[in-house]
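Here the chain labels run A, B and C in written order, and each chain numbers its own residues starting at 1.
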């Protein structure tokens, strides 16, 4: 169990500043998710923590020890790669046991720990096979098993589910989270999928352009986004943003309203025309257009029956409105 | 192109005719190697109905010259390939896995040395070897052939190493492997096919090399290229024996070459043609 | 997908050390001798003459250009390269087109076609000179007699052409392999789209396939030129020189071996190198572009 601390960490690739003075504490035993759009620096930060890249400025401390001179092999961290990175010329058993072999662990103990992990991840039947002969989901589990078997100080996940199909992804999300909770090991998980972040994290760190936009629990970030970027990035469908005349009554330069907070009213709100309705079965997503051309999305009950072209009125509870100043910060 | 049965068959037939035409000189020489000298120069030439004999092969194999030349070819081709690879492997590893801003320039510079016609270096090398006693020695030829093939070896190994997914090596690093373990236990097995074919390609090029092997050797270190070249002004009838000697000289590398076709294209065009 | 390679500080130093030995050997075997040749080309250095070697600037070059064998050697070099390129690329293209469509025994076909490339030049030259081209007992002679023509004494009447033929035989497989590889990478769907657009076989070849082959053909031209500039063994074992069949490489060799004129020979070597540099410049550019790809 260990605490990972980043102080003013910066990393440059040529002219490009990938991470910009990042300060962050990764709490012990928690599932921390790094989320953000492509190129925001989340993967770079993960690789800096792992030691696969060198920090240009700032410090990285693991359990109070500065990692500047410590190579990746000595940091006690385990990483699950996006492409799984399994050793193609070794069997599954060989893949799982490699790190232990390198560390000089005895054959008997290696066998025992490998069997345990294989049982945990339902890989027992596959131990003698080669990775090339296995499916994506199986390889993914082996990659996780390889990390597990080392009993590391922390797990690092680099978008491990992006190569799986949707159904498998949902299942693996659940399994990874359950595993981490059972074992209580610190985990840092990088993803660009905000849904993954919301469902898996104890804490979310939202990144943009190499800087941290906000740190908090999923609910905190969802309900009280620190700025417009976070508000628009987290939550699907995206938050509705209104500016100018619409925002003035609320005393802000811009306001944001989540689709589920837009409520159908008989009158006394925004008048809009229905454009398209997406019936999802449990609810309906209604796309409307205001008189001035602005488009909104609203979550409505499943029995929404208005046809496209009909006029409707939407209102919102004042408490549910997110207010932003001219610079995009939350008020 | 919708290939009708008929056009496919026609193309196949034409291809076979063309291929046999191309390989014909070799096939003809192969036949000649089993003829007697009189048969070999007989006109009209006989195709299959003649007295097949192994006499030519026996004569070549029992002569002392062939054995020495064979030994020299093996030593020179093997030695220069080992040296070329020994220098190219670390260089290619460094360029592939620890590249710097200079790496691309270094690689291109290496390739450019291959563009220099050896004739531009002939005189100084010849004089230098004469003065230092390296003339007609194995070492002398090995050094030159190794330098000649080094760019090709470095390039092919570089391309091979780059095809190893970086993440697998990073995984090994995360798993605690030291640099040595990373290279020997993870990289080497994955790069082995590329290493082997690079060695064989370089060996083939060294075996067939006919500039330095003819100019800086005379008796002690003369390989098969020189042995065959000596037949350019022989006495009496010699075609059958020449054919047999030729078959023996080219056989090893012909076999290797057949297996290394793809590497050949990549190696000799430095990857410019995919 | 693999992550892009990035340098790491603690490997950079080691990297330089690892590359050094290779670079040193190349410098020693290629560049230093080149500078020596340059130096020799501007001094008076004859093996049979004693005394210090005086600096004579471009006098060697003057003597070289005026020598009766030089201009023929230069033309022969160019002629040789031209003939070999034309034959090897033409035949190579034809073979590649055939091999691409052949359906039976493709493996064996390829083996047969690439064989000449792996034959060492002395063997190739002697087999062609004796078994095939010899006017009395050679196969070509017998074939021409069959057809009612007089047998051609290749090495007496057209030695350069004979040598070009031998070299072309060895290089055709190379051209064929490269063009075949490129043909096989040609997008099937492009061809099908063109067919739907109404293009016949010849139109597809002319407007789609040939442009696609332009780059590999350029590569073949450059690669073969580089190697053909130093064509040596074939001349050595067939004609042994002579104005009609010497090229620049052989001229250098004979100046050293028979006339012991290091100065003039070095000048010839430099001329050969300059010509090669021109071609190499374009090749390295093409390769550099593929490095980025």
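One rule holds for everything that comes next: contacts are C-beta pairs under 8 Å (C-beta built on N, C-alpha and C of every residue); 3 or more make two chains touch, one makes a residue touch a chain.
It should be emphasised that the depicted structure is a prediction, and the values quoted were computed from it without experimental measurement.
Q: Would you mind checking which chain's mean C-alpha position lies nearest the centre of all protein C-alpha atoms?
A: B
Q: Measuring centre to centre, with centres taken as mean CA positions, what chain is farthest from subunit A?
A: For subunit A, the chain whose C-alpha mean is farthest off is C.
Q: Measuring from the mean C-alpha position of subunit A to the mean C-alpha position of subunit C, what distance in angstrom results?
A: Measuring from centre to centre gives 58 Å for this pair.
Q: When the centre of a chain is set as the mean of its C-alpha atoms, what distance in Å lies between subunit B and subunit C?
A: 16
Q: What positions in subunit B touch 2 or more of the other chains?
A: Within subunit B, the residues that touch at least two other chains are 165, 167, 170.
Q: Among the residues of subunit C, pick out those that touch two or more other chains and give their numbers.
A: Answer for subunit C, listing residues that touch two or more other chains: 2, 8.
Q: Mind pulling the residue numbers of subunit A that touch at least two other chains?
A: 71, 83
Q: Which residues, counting only subunit A, touch subunit B once they are in their complex?
A: My answer: residues 50-52, 71-74, 77-79, 81-83, 85-89, 98-99, 102-103, 146, 150.
Q: Under the definition above, what is the set of subunit B residues touching subunit A in their complex?
A: So the residues of subunit B touching subunit A come out as 165, 167-168, 170-178, 181, 186, 189-190.
Q: For the complex, give me every residue of subunit B touching subunit C.
A: 1-3, 7-9, 11-12, 14-16, 18-20, 22-23, 25-26, 28-29, 32, 40-45, 87-88, 90-91, 93-100, 104, 106-108, 110-128, 143-144, 146-148, 150-151, 154, 162, 164-167, 170, 204, 207-208, 210-211, 214-215, 224-226, 228-229, 231-232, 239, 242-243, 246, 249-250, 253-254, 256-258, 261, 264-265, 268-274
Q: Which of the residues in subunit C come into contact with subunit B in the complex?
A: The touching residues are 2-3, 5, 7-8, 11-12, 14-16, 18-19, 21-23, 25-26, 28-34, 36-37, 40, 91, 94-95, 98-99, 101-105, 109-124, 126-128, 130-132, 136-137, 139, 141-142, 169, 172-174, 177-178, 181-182, 185, 191, 195, 201, 204, 215-216, 219, 223, 226, 229-230, 232-233, 236-238, 240, 248-249, 252-253, 256, 262, 265-266, 269-270, 272-273, 276-277, 279-280, 283-284, 286-288, 290-291.
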